[in-house]
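In what comes next, chain A is part of two complexes: it sits with chain B in the first one and with chain C in the second one.
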Partner chain A sequence: MISEKIKQLLKRPMLVIMIFFLPLIGTIISSSFLAKVQSDSKIPVALVDQDHSNMSKQVMDRLQKTTEIQFLSLNEEQARKELAKNKIDSIFMFPNGFQQEVEEGNYQGVIDLLTLPSSVATEAVREVVASEVTRLTTNVKAANEVRFLYKVYNIHAGPDLWKEAYRYTDNQWKPKPLMTIDYEAQGTKHTKQGNVQMTGYVPLWGFFTLLLCCITSDWMIKERRHLFKRMKTMQKGLYGYIRSVSAAYAVLYVLQALISFALFKWLYGVESYGVLLYMCIYVIVCVAFSTWLASESQRVGSYYMISVVMVTGLSIIGGSFFPVGELSATIERISQWLPQHLLLYQHALPLTFIWKEIAVSIACICLCAFKIVWNVRSIK
Partner chain B sequence: MKIYFSLTLFTCKALLKNIKSLILLIMIPALFLLGAGIIISQTMQGEERVNRFPVAIVDKDDTAQTKYVIEQLTEGKLRKIMKPLYTNEQKAKQLLQQNKVAAIVTLPKGFSHDIAHGKNQPLHVIGNSNKPLQSQLFRYVMESAADYTSAAQSGINTVDAFLEKENVSDKNRRAEFKKSLVTFGLHVLDRGSLFDEQIETSFFQQDMKQYYVLSFAALLLMIWSYGGWLLASETQTSPVLARMKTRGVSFVHIYLAQLTALYVLLLPVSVVLFGSLIKELKLPVTGTYGELFLGVSGSLFAFLCLFLLLRVLFLSQKAYQITGLLFILLSAILSGHVVPVVYLPDWASGFQKWSLNTRVLELLFYEFDGYNTNEAFLYLKPILITATGSFVLAVGYVMTLQRRWRK
Partner chain C sequence: MIEINNVSKTYGKKRSLANVTLTVESGEVIGLLGPNGAGKSTLLSILSTITAPSSGNVTIGGLSLKKNQKAIREVIGYVPQDIALWEELSVKENMKMWSKMTSRSLSNEQLQSLCSAVQLEGRWKEKVKNLSGGMKRKLNIAVSLIHEPSVLLMDEPTVGIDLQSKLEIIRYIKQLAAKGKTIIYITHDLNEILDVCHRFAVLKEGKLEFVGTMDQAKEKTGEEAEENVVYKLLHD
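After this line comes the complex of A and B, so read on.
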């Protein structure tokens, strides 16, 4: 009966296109779209040079070479106007006497920083600016320290001692700083600083697949009035019919998962077949969940609306669009109980470690099946 | 006209009869956005804005110098976002494989010797790909921490090199070296004091919560409009529609009646939503309450008209459901509902120029103590133009359909 139903479903070209290609197309388009948003996003910050000294120019030049932040050189009035319109994140002002203060070793409050309560990137930008200014202040501090120690140990100091010590300290940054980071993302070597995509394509595929499962499960509502009554009189009965239709859909979705995995492997180079296992478990959960949701609903319109909101909500908390669990421990704890959590492991973990996620998925399938049977019993 | 009024009344009654679905339409998105709001405000509370994550540190050199470097790397603000775990290489790799750490930092053998002699020996950092946000954040802070360590070390090396050049005794040099470790270490740790910070609270908004409250309220109007059309399409089943058509009821009548019914039912809910936001969160209103009412009702009408256009273009419920959802997601991302437009790429401004959501957000920000130089009508005008445009296009398309059906 399952094979017959599969044949019937495969005769509907629109359904076949939807099941097999829509999640794939949706994943590829939205994944590249989100990657583009992420890579092209910039933090606009204004730099105001009121000192016009060598040091302030040096800091401004070095900052403007930073790729992740868009540093704009503006005058104070322009910068304040842009901040008022919320067009920039913050203003870093090098006031008159900046160089003199730094040379004298008075570093406290040497840069004026203007922010808005809505500035979300100030902390990160402040670190970037501070690292450039600290380089200068350390040069000055080292030169001052050398001059002081020469006095302590009664060493004759030449007229250029301070400058020499300053230059010596600064030269240690060339050609490379004393300390750098060699970053590797679990097996993939990254020599250059580049963006790592925050949203994986497998979690995004999970969102589209769940959405589509909900759309294709509307048969449960549409066939309820007429077909279900007839099915009760058949030899296999209504439960047998529901079981076979759900199983037929599950088989098609597992096939879809196989095709998607093959394509992801070809396009993005997925590393482990463990991911395929998680995808297969996930689609079965999706079919069970959507069939249950449809069995609870009486009307197609309200079912569509509720399913859209539920799928979007579950996908957001489950981390399909963005790894929200990494932002808060509470969300992380909640997301561990959602099937979407299975798909977050782009690099498959051993089964012994994700037993919890697999157990949750199996429990979810059992609960949905039980509730479907319960709901079908009440159909008269 | 009589047909229109009777049909509107009929649609209203049909929607109210299906009260369970109507309440779900209003409550589920509201609760969903409330949850999202709580999540965002929770993550915005601490300045670290990320869940504190464990990082494995492997010190293969194990000297006083490496201990100082580790202290430099893990102290200060870094301590707020990460929990350092001191372990060996094998155990660290095991922890990474089990997804228990966000990254591993390895200080190689001979690190202290090289850094003291001005030789660069990079720290090896392995990020956990299963924790992309935390590992990427850790990478950025490590790069910044490496710069600070370089700064401090360059100062320490300078002092030592100049004393060595002048043949200062080893005992004194060692004493000065120890002193330098402390003074230069403290110097870079004190980098926060470089800034004299002022927060301009009089501009734009009072805090980020206000931004997200208004942004999500606007998104709620959009989702209600989208869901409303899904519910409205249920009110007239195919046999009812067929009967209506034989009695001279046109498609235009049906869609106009549905639009009016949805507007009549959703407007009081929207007013209650904004009223409770003003009351509960004490949001300051710039203009008059009449202006605010006009703004909210105009925005709701514009969203309903926009989804009417989408509804008539995609007569199949499934097609409308998918396109509508994608449209909402796209608008939420690019119009500034999730991330303020200032942080979005330049090319997104092309979308924002034509996006109704951007206009509605601008209007709401004006209404709640926002830009104080212009009038509300200036912000309402593009919203009403969008509403009229969508309405005219939708009606035109429906009339074409009607003509085809008659033929």
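After this line comes the complex of A and C, so read on.
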């Protein structure tokens, strides 16, 4: 029965395209869109180099490696125009004599700052810039001190003593100098792969898959009126039929998960097979959930509407679109009990069994199955 | 043999069947007549294991309906009033799907010959949605015969179709009866009753008002014309 149903489903080209490609296409388009929004949402800050020295260049290079803020290298006129148009948040200017001031060990007032009343990133950026200048002045001070001590104790020094001392001090800032700390939210682990954050596309795929499961579960409503009555008189019974059709869909969705995983691996370089395992468990939960939801509904139109609302709501709370911790701690606690949680954060981990999530998924499947049986029982 | 003893069915406060007692012999064709809402379809739903009776006992071929639902499903074939087919699938796919719902595994040839028996040869690969109403009705009957049941429960199998298809279906039902199938047949058409059934039963407001042959009905009502007999049975 399951194989017969799968054969039939595969003969419907639109359905095949929908099941196998719609979640994938949706995920790829949405994640690239989100990546674009993410990069566009970085706060733009202008850097103006009037000193054109090695040190000003070095600081600017380091700042531009910061991913959280978008540093733009502009000349003073351009920067002031952009600030006037409110297109940038603030201007950090390295004035003439910047390197000289730093070499003399001065770090107070060596950079000019231009802001607007609406500037939001000034404080944070000032900290970042200040730490970078502190790094430079510290390096310079240390190198000067070494050169001075060599002179005092009359030690023979090579021509590159100052540079070596500078480099040595600079290395003390590694491996985790202030500028390059990876800020991590509690309980999350962000690993950059390609252009998209790994936590982004698997939960998004989860959203599209759940939505599609709901759309393809409309058979439960369409067939109820004419077919279910006769099903009850057949040897395999109505439950047997529902079980078989659901299983056939589950097989197709597991296949879809496999294809999606392979493509994600190719596109984004997923490393953990834990993702695949939890994607497979997730699609089975989705099939059970959508079949239950359809068994509660009487009309296809209202079912689609309720499905979209429920899937979107669950996906928001479950963290498919953004980390729910940003909304509230209560929602974050709730999200841990939703099947969507299966798809969060697993990519970066080796294959580990997250028993709570697996138990929640099994409970969800059992609850849906029980409710489907209960709802179908009343069909006369 | 089907034995229905004191069967009642209530939905909330509404009583659909009230103490119905009826015996149908093997190989007999019995028609069920009655106005809409009389309880005909409810009785057929109980016999076909769709609904459980509120009280009373039913045995089919000596098997109790309460205890042997699965075994009873092996011997009954149910033809619902609605067309219970997948419109998007072909005749072949429908037959295969329904055969998978039975405990028997039938070959394509066997299924095809069943379709030929209801004059659907040449329609094997056609989608159900492209068939005429009469053809759909024929296929609806063919599906109920896949597992070769000895009892057929037919709920208005000829409703809403053209005369030619209706006559073909009636002829086929007569063939089935000749082969010894026990048939319970719901209809509103007196001619079908006279043509196909050995006996008929009249249900009114959930109660069995009459069971017997047309001659017995004439005797009971004192009417000669068959239309008047049935009218009197339904309205008195």
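Criterion: the second predicted complex is superposed on the first by the 213 of 380 C-alpha atoms of A that agree within 3 Å, B and C clash if a C-alpha of one lies under 4 Å from a C-alpha of the other, contacts with A are read in each partner's own complex, and residues count from 1 in each chain.
What we mean here is this: a contact is a pair of C-beta atoms (placed from the backbone, for glycine too) under 8 Å apart; a residue touches a chain by one contact, two chains touch by 3 or more.
In this text the structure is predicted, and so the values were computed from the model without any measurement.
Looking at the shared chain after the overlay, A:E101 reaches neither chain B nor chain C. In the overlay built on the shared chain, the residue A:K229 is in contact with chain C alone; chain B does not reach it. Legend: residue contacts after superposition of the two complexes on their common chain; A:D49 is shown touching neither chain B nor chain C. The larger set of touched chain A residues comes from B, when the choice is between chain B and chain C.
When the two structures are aligned on the shared chain, A:E4 is found in touch with chain C, with no touch to chain B. Legend: residue contacts after superposition of the two complexes on their common chain; A:K87 is shown touching chain B, with no touch to chain C.
Contact residues on chain A toward chain C in their complex (touch as defined above): 1, 4-5, 8, 12, 223, 225-227, 229-237, 240-241, 380. Per the touch definition, chain B reaches chain A in the complex via residues 18, 20-21, 24-25, 28-29, 32, 35-36, 39, 42-44, 47, 49-53, 69, 77, 96-99, 115, 118, 120, 122-136, 139-144, 146-155, 157-159, 161-163, 166, 168, 172, 176, 180, 183-184, 187-188, 190-201, 203-208, 211, 223, 227, 230-234, 317-318, 321-322, 325, 329, 333-334, 339-340, 342-348, 371. By the touch criterion stated above, chain C contacts chain A in their complex at residues 45, 48-51, 70, 73-74, 76, 78, 80, 82-86, 88-89, 93, 96-98, 100-103, 143, 147. Within the complex, the chain A residues that touch chain B are 22, 34, 36-37, 40-44, 83-89, 107-118, 120-121, 123-124, 126-128, 130-131, 133-135, 137-139, 141-143, 145-146, 149-150, 153, 155, 165, 168-170, 172-173, 176-186, 188, 193, 196-198, 200, 211, 215, 218, 299-302, 304-306, 308-310, 312-313, 316-317, 322-332, 344-347, 349-350, 353.
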